[in-house]
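Chain lettering (A, B, C, D and E) follows the sequence in which the chains are written, and residue indices restart at 1 in each chain.
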Amino acid sequence: MPLKIVDLWFILYRNEPFLFYIMSNINIVDAPPGIEGSGFFATSMDKVIGLARSHSLWPLPFATSCCGIEFMATMGSHYDFGRFGSERLSFSPRQADLLMVMGTIAKKMSPVLKQVYLQMAEPRWVMAVGACASSGGIFDTYSVLQGIDEIIPVDVYVPGCPPRPEAILDGFGKIQELVRNESGRRRDSDQYKEMLASYGIE
Amino acid sequence: MNHNQPVYIDNDPQNELVTLNLGPTHPATHGVFQNVLQLDGERIVSGVSTIGYIHRAFEKIAEHRPFYQITPLTDRLNYCSSPINNMGWHMTVEKLLNIKMPKRVDYLRVIIMELARISDHIICNTIIAQDTGATTTFLYLFQFREHIYEIYEEICGARLTTNIGRIGGFERDFNDIAFAKINKFLKEFPIALREFESLLDRNRIFIDRTAKVAEVSAEQALDYGWTGPLLRSAGVDYDVRVSDPYSSYEDFDFEVPVGTSGDIYDRYLVRNEEMWQSLRLIDQALEKIKLEPAGIFHADVPEFYLPAKEEVYNNMEALIYHFKIVMGEIDAPKAEVYHSVEGGNGELGFYLINDGGRTPYRLHFRRPSFINYQMFAPMSKGMLLSDAIINMSSMNVIAGELDA
Amino acid sequence: MDIAFVIEKFILVTIIFAITLVIAMYSTYAERKVAAFLQDRLGPDRAGPFGILQPLADGLKMFMKEEIIPTNASKWLFMVGPGLAMLTACIGTAVIPWGSPIVVNDRIVPLQVTDINVGILYIFGVVSLGVYGVMIGGWASNNKYSLLSAIRAASQNISYEIAMGLSIIALLLVTNTMSLKEIVDQQHGWHWNIFYQPLGFLIFIICAFAETNRAPFDLPECETELIGGYHTEYSSMKLGFYLFAEYINMFVSSAVMATLYFGGYNYPGMDWVLMHTGPVVGPLIGTAVFFVKIFAFIFFFMWVRWTIPRFRYDQLMHLGWKGLIPLAIANIIITGIVIAIIEKF
Amino acid sequence: MEPLTSKKKILEQKPLTFAERIYLPAIAKGLSVTISHLFKKEATIRYPEVQREFSVNFRGLHSLKRDENGKERCTACGLCALSCPAEAITMIAAERKPEEKDLYREEKYAAVYEINMLRCIFCGLCEEACPKEAIYLDGPIVPSDYLRKDFIYGKDKLVEQPLTNK
Amino acid sequence: MSESINHELIQSLTERFGEKIFGVNEPYGLLTFETNKDIIVSVLEFLKTNTVADFNFLTDITAVHYPEKKHGIAVVYHLHSMVKKVRIRVKVFIDEHNPTIPTLTGLWNAANWMERETYDLFGVKFEGHPDLRRILNMDELGVHPMLKQYPLEDPNRVDKKDEYFGR
């Protein structure tokens, strides 16, 4: 299977310290923190910011169909999305941190979705909830986009049709983990820009 | 994007009107559809609706799937009340195949369909409340949708897109937990519904927002092909369950609530009253089931209904039927059939043409949301923006059903 | 003017400012928790114990978020908007008497930044300025939803200010002074103005809801109609300022209501407490009582928000002009007559 | 319009009484309802820590079953793949070799059995279609993941654990 | 009851339109007949206002494609008389290569979107329709996808990677 740029991006980013280790098996000792680059203060600052962000992810529910109803259930009293600090839905993309794409994205809708993604302020994450958003699901037809990762980068996929609220929360936990471990300046890095460029953004 | 669409020019400084783009991802469009409105201040002068943002080609897929694989598709039409769609489809095929259902299965279906109706109306009415600003009511009633989900899960194993039942019955009998949960629901839900009504029914703010807004006369509603709670709120007591009974609805004693003016408050009242009637229906169905022989959950039609797993193992005939059914090679008459059920939003019709192949030759869904919604743009003329938004939520447009 | 005076005022201002910010911050937390508990939910409970760090997480996140200024926006005004909203919200606290004076080192320190003799007028002036932040922000965004929201906010605030002012006039007939300090002192013990002006208070609190853009009068930002209203286009801390300003406004109007109608720092039996606790602790107990009253009002604000549906724009105007204003005028007349009769006999 | 049925029930809109016109009683009533919920037990299930109980019939992650001797039941007949509306199941059949008699129950078995979890809609039709009781959707929810390719579950993830001490 | 009404209806229809009503059939008790496109509007108007059963409700308009037939597209109308509780189905076969048929928007406003949908999916041009443009699909689609010659999946698709589909 050819490695896509998205995959590369994931490998580079998710396993930053291990990358060289895995790829070359050569024993390279990391420079102690603070010698170069961000340094100690910045990294612990990153941690704090990551922690703060992970507890205050305001989702933009891009709910088009069935999964939207399960999202309502997630918001509802039984699951209470608010526990994670995310009950403040922001329908304005400027204020949102997490784009939750829930439901089928038809080809007619795809420019709208891309537009919404572009309007979001950095840092932004994307979660594809449910079979339709992730891969088209049962709708393998002329009018349905076979997965939103064709037009925007996706961070976490949640399987299910629709996913139970447990699954949505599980995916949300994965996003939180990502947010927590992300370097503060990832968004300025070349790889990230390259990844965006592969989607024709900016 | 849409070349033929009338375009409102907004650059003219002399122009007093403002063009406002409502949707496709506006918070009030629960689902995706777009309305381009021209506003004079806050009053709507004209509007154009664009739909099709989640067109998924249901009818084309249906031509490529055997009958039993269409059930999961129908789940995704009106996903707020998928069991009604499932059952409606099953009944269409049963009509085609001339299968007579045992009474007990009919009653079990009534229970499930009425639960689905309640869950559909919960969504719609709480969304009306939510759009007028009363978020809390939404969360109060939504807890009971969760209970309905539990009942579904006990019977079919899924919460929302249920794929409940099969052509010829149910996949399994209701177990004791399911009955216990239904009884619990019947006990608890009326209290919550009464509380919900006490929060909104006589609250002047709510009445002012909804009463005398978006009034529709019976003639207009019929002209635009409205069905379901919307048509009933306009004063026409048309209900498929009564006028064309299916699934033994003729055995039940219930009322068809109708409104007088067709405004949003009437729609709200009609839906609330229908929830009460649904509770009555479930109650009666539970009583009637006790009189029927226990353990029957499907019709005795081995050529159309999948045999039990042990049978497949030990019985050659069953194995052959099993393979034939799964391959989709059932002997269905070459005919066309129209069957409709009372869905959450109105008459949900299935027009099926079978030519004897594995798959339907043509399957058309009469989707109530699609037909109801076309009146939205003409009727918004002269409304305030806020009214149009509640009007939209009171029409309960489900995008899946709208766009197929 | 001595240096101690400056230091004293400086400390007071700093403390009040800090308290205001902290209360506004934790109002967001309280709002989410109150909403959750009213809705059979739990609310934020992951950030720290019971989610107590939630506001900090939100704040930090917003500080670190990218700022977007829309290309067609009026840049300068776009940036001024949130600051103005925040500023006008904060300066209202200057004339509110937070407690009776305390005595430190033989020096009487009033717990009030300044006791101007037109305190009520000052409050009015500041409150009516508050709408500019919303208006400027909404206008500068160059977004139609924001614009609609700005229009709504402006007309709503102007309309309800009239009713609010009229309800205060009746109060002034009773109190005979415009100094907030004097008004509070008149309400010593149990003589709260709410007992003399119940109708006036009702009008005042309704107008306070409208002035702070809280439900059921949250038309400028009603989510389901206008998405975010005036702050639709704002991201990062500019949005934070707007959200903050709303809670500060709520805090200030709660404080004003407690001052004008609920006796400020007065409570029954305060003489006895003052006698037994001394010149520092005694007044501070009064301050604590004052804050309890404020918190009760803030809770009430939230409780109402999560209960009632909101008005429609024209109904809101209808209520303001045809309901509250005549009622407020009637209130003035009745109050005047009653006072005239009492003075006569 | 004339009544179409005998079951018609007209809901009249009652005009507002004076008490209702002044808003306050309804608001007070509403406030009393909401405040009563403040003292109710909250319905929330603290999900990651507390799991909600699923029904026994819940359709979750698929598992390929083994029989009582620990042999794989699947015979690669392909009915599940055929019955899948999402076309999420892929399988490649292989002939069983004599030495593999303990591993597979029938002469044919699935050498490759892959389910694309992102396409699967958990409808349960494969479970119904299987004549060998080999596939059941009796697992928990499918976990979310970062990469799309990680959702193609092969036999390593799907086949039940073999019977212990063997 | 419905059988006698069906009988009466067909009688009155043939009285009025003669041989242009043909192919009368009653599958599952639902009266079905064919007519041609010249008189379809007047047939439906007659049905809407007649005395036997007033079909005042337009349930549905759709089309079916029979590629092997000469007149390959059947436009199907479902009407409903709520008072008499009878439904009726009217079919008009039209030429696949020149699919035109008069619009019904003059009789029912409900026909508007139903016809637009039929146009979108089958390419049936409803003459006199006030706003005949695609409703569900994008304008760029170019084809009318429900016609049998078009596949379910987009043949030119670029958005589908086989490696993600396990095949």
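As a convention for this text, a residue touches a chain if its C-beta (ideal position, glycine included) is under 8 Å from a C-beta of that chain, and two chains touch if they have at least 3 such contacts.
Note that the structure is predicted; figures quoted are calculated from it, not measured.
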Going by the touch criterion stated earlier, list every chain that contacts chain A and also contacts chain E. B, D
Can you identify the chain nearest the overall CA centroid, using each chain's own CA centroid? B
Among the chains here, which has the CA centroid at the largest distance from chain D's centroid? C
Looking only at C-beta pairs that count as contacts, which pair of chains has more of them, C-D or D-E? C-D
Greatest separation from chain B - chain, by CA centre: C
For chain B versus chain C, what separation do you get between their C-alpha means, in angstrom? 46
Take the average of all CA coordinates in chain C, do the same for chain E, and state the distance between these two points in whole angstrom. 63
Note: chain D sits from chain A at a C-alpha centroid distance in Å of 24
Starting from the mean Cα coordinates of chain B and chain D, work out the distance between those two points in Å. 21
Multi-chain contact sites of chain D, meaning residues that touch two or more partners: 4, 27, 30, 33-34, 37, 42-44, 46, 85, 87, 116, 118-119, 121-123, 148-149
In chain C, what residues contact two or more other chains? 35-36, 38-42, 223, 227, 306-308
Which chain B residues sit where two or more other chains touch them? 1, 26-27, 52, 55, 57, 60-61, 72-73, 75, 136, 139-140, 143, 146, 161, 199, 203, 205, 236, 238, 243, 403
Contact pairs between chains, per stated definition: A-B, A-C, A-D, A-E, B-C, B-D, B-E, C-D, D-E
Considering only the defined contacts, which chain A positions touch chain E in the complex? 1, 107-108, 135-136, 140-143, 145-147, 150
Chain B-touching residues of chain C, taken from the complex the two chains share: 35, 38-41, 144-145, 147-148, 215-216, 218, 222-225, 227, 306-315
Chain A-facing residues of chain D, complex: 42-48, 51-52, 85-87, 116-123, 141-149, 151
Complex contact set, residues of chain B against chain C: 18-21, 26-28, 42, 129-136, 139-140, 143, 199-200, 203, 205-206, 208-209, 384-387, 389
Residues of chain C defined as touching chain D within the complex: 36-42, 303-304, 306-308
